[in-house]
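What follows is chain A paired twice: with chain B in the first complex and chain C in the second.
Our next item is the complex of A and B:
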């Protein structure tokens, strides 16, 4: 049976008789340590003067939003790669970035809404950051739905690439929305001027640990998502071989 | 007994302590709510991913089994019996060298 494309592999089997490292399993084991450690740091971190205990939501909220933007950037890179080469591996990268981007943006929106209920007294407000995030999510969800509705794999991948490239306009817009519209409710976290939120030392350490842990989880999910697409290719390959045999019989 | 009355009955019998006003004021309840929401989303996504992988694995297995059954059912094609060329029977009497292609 001929393989359709060269598959992205993360060591879920054997090569030349030698057992390969399974990165997903390694990450899973390290996460069993890093998640409780992060939780301990979050509990030990000092509370904010105004936001009190609720400020701890920030340690889930911010890493998920960073990873959401990273996922959509991966989707954009996949889109450019596919547009240039038309290779299936770029298509796999695109769908992985798209799905994980939507997943992490949902985490960001849900945690943000809960935090906003305490901090601003409402679950939702049309703050520039929230508005741009909503537009971004709607655009990507529309792209995903369109992808699901197309049967032809080449057309499907080409449409996804178009959405990935055009939809990427939203990503810098979301990131810079707090700078472009300073009247909004969201503070600027990264920067050097006086408007930037200054985190206390232990808070910064907790944030860094949280970002590392969430990134581990992100890589784990990426591997699993890519494996899912590889399985899809395997199904298509076996089916093709079966039908070829049928033609010859 | 409708759903509302069941839910009301469950709410009456529940022993979970209500959050104190201090816990609400300091935002502790919101941290717990956000934490539960994150873990719920993660669990749902992992379950969905796992289910899709499992169904594809089963499909691969099923197709492979189908393929092997088909191969076992069809008779193997008869291999042609080649015999060595007897040089004595050659008309020219000399063994011909392999011809190059038409373009030389």
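Our next item is the complex of A and C:
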């Protein structure tokens, strides 16, 4: 992990005179191509028989939900790593996973809600999966609040790690518990889900392209977030050095 | 006073007599628990605030939902568990804030023992406070709502739910005490994580109160049992990280 963050650390420049590949810049340029291509594919993809145009939001909805789960898994892994090693690099991984997870789960919930309005006739229903994602978002927002209310960096990392581990273990339990909701009150419409499973060939291709594009975006954000945190560390280091100098003068 | 001194002497003689590792471990946890009970019996701080607060919560429900009282059976299980949760958070907050403010937390941390032993002692203490308040609140709740929730079948639900509260609550209280927001942060962390237990507990309470068959609640009870089991182990493993200086 340390090597990864070190490699991401472009702020310190190139000490050996060797030019390192700037992955963030490369991704930025490829995204300039892949985003319009994805949009064209989404527009060209055949409309769903029943859902018509609204089905196309699925190509935004599903990738962001996959990436939201991936982010929280990254947060969890970072938490475990920090628990074992107490290294700053794991802490950086945690904050990256946490923030990106909140971001992508918000996109997932908003797009899902708009789609549900057309597919199910309502913006919101207490469907088990929906409830689980929402509770997950609330849990990680709480984690964010926890992080921002601690001053000491070591304690901040420690508490974030503990909460990340507990929160991740809790997700399957939340999913099972939502099944105890009284079924009669909130009708669950699974009709659309059957159709999604039987995607037509071109639709599948569009979905794969969309997932790839979103993943590019995700990796780009991750690199930038790690870089930001590294730069902050450097600034803190410089500031410390400056204060020390002042004491001597 | 002689009675209080007795367990301490046990720990001295016990440490030399027992060669096993586990016995002193449980003894430390037990001593932390006894310390909490002893402090509480002298100050009555946590217990009084929890019971008065939960009573007030129930009264607010009665005043806020006058029309609903005719069908108390529909809302009672949920309200009961809301009252328990609120009271629980109040008590959990005090359990570490008192230690921190009196400076006794450092003393606890200096104890030459596994930190998880402290966790189990604290969790056992919190469990006791919450369950006592719950058992006290249930008859008052029945009285005010004119709807009896006093059933023997409810005891396992109450126990499983409260064990989960105490486990997660103790860990999060220890976390929240070291933050800027302290009292405010605990419910924010606690409620979303406790949702599985709150859902399962209130649903099975509703099933019991409306005399539905046991099969309907068995999976909810299983979930709570599973939750309690997982979080009996995990917080103890992470507790050292929480209390690190």
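Throughout what follows, the second predicted complex is superposed on the first by the 209 of 249 C-alpha atoms of A that agree within 3 Å, B and C clash if a C-alpha of one lies under 4 Å from a C-alpha of the other, contacts with A are read in each partner's own complex, and residues count from 1 in each chain.
Just so it is clear, a residue touches a chain if its C-beta (ideal position, glycine included) is under 8 Å from a C-beta of that chain, and two chains touch if they have at least 3 such contacts.
What you are looking at is a predicted structure, and each value in this text was computed from that prediction instead of being measured.
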Which superposed partner A:208 touches (first chain B, second chain C, both, neither): neither
First, second, both or neither for A:40, with chain B first and chain C second: neither
First, second, both or neither for A:240, with chain B first and chain C second: neither
Partner chain in contact with A:178 - chain B first, chain C second, else both or neither: second
First (chain B), second (chain C), both or neither touched by A:21: neither
Partner chain in contact with A:165 - chain B first, chain C second, else both or neither: second
Contact footprint of chain B on chain A as seen in their complex: 47, 51-57, 60-61, 64, 103, 106-107, 110-111, 114-115, 117-118, 217, 221, 224-225, 227-228, 231-232, 234-235, 238-239, 241-242, 245-246, 249
Touching residues on chain C, where the partner in the complex is chain A: 168, 171, 175, 178-181, 185, 188-189, 192-193, 195-197, 199-200, 203-204, 219-220, 223, 226-227, 230-231, 234-235, 238, 241-242, 244
Sites on chain A touched by chain C in the complex: 83, 135, 138-139, 142-143, 145-146, 149-151, 154-155, 158-159, 161-163, 165-167, 169-170, 173-174, 176-178, 180-182
Sites on chain B touched by chain A in the complex: 25-28, 30-31, 33-35, 37-38, 41-42, 45, 49, 52-53, 56-57, 59-60, 63-64, 66-67, 70-71, 74
